[in-house]
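Input: structures, listed below.
Two complexes, one shared chain (chain A), two partners (chain B, chain C).
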Partner chain A sequence: MAAILEIKGLKKYFKTRKGTIKAVDDVDLEIEEGEIFGLVGESGSGKTTVANIIMGLYLPTSGEIKYKGNNIAIPINKRPKWLKKEIQIVFQNPASSLNPKKTVRQILEVPISIHRPDAPLPQTIYELLEMVDLPPEFIDRHPEELGGGEKQLVAIARALSTEPSLIVLDEPTSSLDVSVQGKIINILMKLQKNFGLTYIFITHNLSLMSNVANRVAIMYLGKIKEIAKSEEFFTNSFHPYTKMLLSSIPVITEEEEKLKPKKILSTGEIPGALKLPEGCSFHPRCPFVMDVCKVKDPPLIEVSPNHLCSCHLYLNKQ
Partner chain B sequence: MVMENGKILEVKDLAVSYKVYEGILKVLRNVSFYVLKGEKIGIIGESGCGKTTSMKSIMRILPTNALLEGGEIYYKGKNILKISKKEMTYLRRHSISMIFQDPSTALNPVFKIGPQIYDIVKYSSDRRLTKSEIHELAISYLKQAALPEPERILDSYPFQLSGGMKQRVNIAMSLASANDLLIADEPGTSLDVTIEDQIMRLLKSIVEEKHLSIILISHALGTVRGFVDRIYVMYAGTIVEYGPTKSIFSNPLHPYTRLLIESVPKLMGKKIPEGIPGVVPSYLNPPLGCRFSTRCPFKMDICEREMPQVYEAEDGHFVACHLFRKEGS
Partner chain C sequence: MDEKVSRKNLIKRIRNKYGRYWYRFKRNKLSIVGLGVLIALILMAILASLITPYPSNAGLYINLSQENLPPSLAHPFGTDMLGRDILTRIIFGLRYSFLLVGVVLSVTVIPGVVLGLIAGYYPKRWFSILIMRVADIFVAVPPLLLALSIASVLTPNITNAMFAVSLAWWPWYTRLVYTSTTSIRNEDFVRAAEVIGASPSHIMFSEIMPNLLGTILTKVSLDAGWVILIGAALSFVGLGAQEPTPDLGTMISEGAAYLPQVWWISIFPAIFIVIIILAFNLLGDGIKDMFSSSIR
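Up next is the complex of A and B:
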């Protein structure tokens, strides 16, 4: 499979009065066509910043970002029309990402008429509603008349309306109750299969991630700490941070309990982004910290086939 | 004080509604639960199911548009819905305390932590404390909440602390007045997983050390499972099932509980849960019978007409569902 999105040495620094915040610091990613790529991390780890750069909402400070070989480090208002059609996003909170004054028809009409001028209206809208499993009578409703899950489905229909290849899903179910989450995820998976879409799936919910992603990358303070195939990531993780995160998840069955790495108890806090620790940014919380961790940031290397990890513990084992 | 069968708190048939522009929201109906001395109970349910309203009723801090339409709340044998405001204030200062979901809105942003915690320490003591005694006590509470450098924390504004630290400060404050019962309303929900894990472990050790009773409210089933002795499951303002934590998870009885547990994505992967079809009914016009009847796959005729009674299905495990109706009752 070919890479649909290539990110190399991506950096995004925000200058504030108090200093520079390194929101994304030297990130390399290759996302293959047709895969569901998971990006996990706690708040402030930079996952949404990466999403915003892909969408053109931020310009990177440095680094390359290529979509099918074309440079896309272009702000959204200067992006060519074909590019806007190709990459779409679904945000976390549908209540704030849908215009409350517009009806579902108006919300879906605009992207269709711009990007697919030949598509018949309103049939195309009805087709979209059917794809996301919403009844046709919703077409003239306002977002406030819909439930949280239904609103998110309208947002998904809007992302689909341009017939994109790549969709960024930024915490698409985090604001929803667990009983409606399942329906949304199942619809997303069905659409991905039917249209061969590529997803970048961002979430902090690791249990959910294990059910959807093909590959998973974990971020901590703007850096990628580990990338692996989903099965590997959840059964045989390398990085101490990944293990700490996995052992912190509250689970509900004995079976899951057995999957969790037992030994690593969560300690310490995520340091402020203004004053990052020297060396490996995780070292103040790491139970296996060595002297070298405090001075040198470990590179992201391939520890086993297709399994990358950035940790001094594995640096010599190549 | 009198306590029936070691029950420190007993809520009986609580009914609360809210008056809004559109009409009357009939939220809580027939809500009954109890907490034993030193017991840890959990109340789980999805957003808007009445968990927080129940707790606010206990603390008597319901908003002004709330209508208390029935029920009794016995705390140490006394109906606290009937006691005077002064007595209630005394309880809040000396006996019951509550930790809220969002640690940043629970603290006053324009005051340093010091004066906020001093006030609580001062008023929760039976005698007049000197300034240095108050300071010492405040420091000791912060230390119990595992906060490093308590002196610096006292001299900080809330915005200078991280979310996890703010929640620890809230726990420290509640320690001053919670001598018997602690109500924790989603204490880790707004925090990151690794931090939530730390906060929950801290709460557990404090509660066990001080032999406090605790009501833990959460929508996250996993969090509750690792923490409490007994669980109450709420749906749309009613309690649908309760029993020991282990049997709720190993043998859920109410269709809602079963579907809810199935809806949680599991760490093993491979299978995306289906979720529960339909939506929660509106409180403006809730179903006459069982409130889950609009979404229940096992719905019978009776479910639409009558609210189910509570049946004991196994030892200590109760369920409010017509499926468990015994012959002749």
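Up next is the complex of A and C:
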């Protein structure tokens, strides 16, 4: 399969009065057409920054980012129209991503009239509402008259309205009630299948990720620590950080317990982004820490086919 | 069929929406009072020539046999030094007060808001910095002082007074809108509009501005009282409306010479100025309640 999005050596540093924050530090990713690519990490790991760079809301400090071979390290207001049509985003909080003063009709009309001037209105809006399982009478409601899940469905309909190929889902369910999360995920999965969409699915919820993603990358303090196919990521992970997070997922049955990696106690917290640890940024929390970890940052290498990991434990095996 | 249903829905929703605004507004009894008083005063001003007892007294009219008469049944507010009925002149004077408010606010609010939106949406561009620095210069001088100094270099008349007050007024709107725009600009819904490819003018006027409408209208209403006060101050020092135009500020200034014995020439116009300002302030509070979604 062809790569739809290629990211090479991507860096995003924020200069603040107290120093430089390395929000994204040397990230390489290749997202294939039609896949659901999961990006996980704790808060502050740089996931959303990556999403914002893909959307053109931030410019990268350095590095390459290409969509179907075209450089897209361009701010959103300078991007060509076709590119805006191709890549869409669903934000985390639907309460702030929908204009409180507008009706669903007004919200969906704008992107349709910009990118599909020939599409009939309001039929296209009704079609969009149907795609996301919302009743047609919602068309003249204001966001404040909708529930959190319904708002997010409107935001998803807005992302679909330009007929994009790639949708960035930035924690699309984490601000919602558990009872509606499942419904939203099902609709997203259905849409992905029906339209052959590519998703970049960002979340910190690992059990959700294991159900939706084809491939998963894990980020820690701006760096990718491990990338693998979903099945392998959740059953046979390499990196101690991945193992630590996976072993902290609460499970109910014993079968599930057996699937989990050997228990690694989660210790410490993610250090402040202002002063990153020397060497491997995970070493202060790592139970297998070695001397080399404290001085040298391990590169991301292919440990087994299609399974990349950045850890000194696996460097020697090569 | 769908379209018909949805149109019906829309009408119902619009009615609900405005019904809700009205509900929030009328919960505050004082704002109803403010609104009622203003409507009454505006009607009086419009119908002045029909309802006043001595319409001819509004203009050039002298009847020295009637000079300085105290309040009585024939002249409820008394007469002035030229024998003119004060009630009549106050009601005609309302016209100039409302005209001043209408002209000054319609001339200042729109450019002020547009400049603020532009500067807030492009906060780092040179033209935004220029707009805001110029606004700062105007804001640094108290509006009364600025209006006075502008009016004093021009020929004293109503048009120039309006011009002077307008020039002192626009930067306050620019600053208000600028501040709100810079914060709303970072909301996700603005970023979403950028992502779908909406034009900057669509984002400024269609996405951001509707969210500022409540703040702007509240300020317009609160400012209306201030504009009247400043207009009256200009007239008082002789830089506004000129004799024989019946202007509240001019009337106060003329009567000041006869205080304290002939108090009615100054006091009644002054009371009316206070009433107008108070009514605009109460209305402003009501508008603020109307748009604050936190209290439902």
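Here are some notes:
In this section, the second predicted complex is superposed on the first by the 318 of 318 C-alpha atoms of A that agree within 3 Å, B and C clash if a C-alpha of one lies under 4 Å from a C-alpha of the other, contacts with A are read in each partner's own complex, and residues count from 1 in each chain.
Convention: contacts are C-beta pairs under 8 Å (C-beta built on N, C-alpha and C of every residue); 3 or more make two chains touch, one makes a residue touch a chain.
These numbers were taken from a predicted model, which means no experiment stands behind them.
Chain B and chain C, once both complexes are superposed via chain A, fit side by side. Of the two partner chains, chain B is the only one that A:L245 touches; chain C does not reach it. By the document's definition of touching, neither partner reaches A:L313: not chain B, not chain C. Using the contact criterion defined above for the overlaid structures, shared-chain residue A:K183 touches chain B, although it does not reach chain C.
With both structures placed on the common chain, the touch criterion links A:S207 to chain B but leaves chain C unconnected. Look at A:L57: by the touch rule set out above, it reaches chain C but stays clear of chain B. One geometric descriptor of the composite model is the angle centred on chain A: between the Cα centres of chain B and chain C it reads 80 degrees, in steps of 10.
By the document's definition of touching, of the two partners only chain C reaches A:F91; chain B does not.
In the composite built from the two structures, the nearest CA pair linking chain B and chain C is 6 Å apart. Touched by chain B in one complex and by chain C in the other is not one residue of chain A. Listing the residues of chain A that touch chain C in their complex gives 55-57, 76-77, 81, 84-85, 87-89, 91, 93, 96-103, 110-111, 114-115, 122, 126, 136-137, 139-142, 144, 155, 158, 161-162. Taken together, the chain A residues at the contact with chain B in this complex read 42-43, 147, 149, 177-183, 185-186, 189, 204-208, 210-212, 230-231, 234, 244-253, 255-256, 259-260, 265-267, 269-270, 272. Within the complex formed with chain A, the residues of chain B that make contact are 46-47, 162, 164-165, 192-198, 200-201, 219-223, 225-226, 249, 259-261, 263-277, 279. For chain C in complex with chain A, the residues that touch the partner chain are 2-3, 5-6, 9-10, 13, 17, 187-189, 191-198, 200, 202, 207, 210-211, 293.
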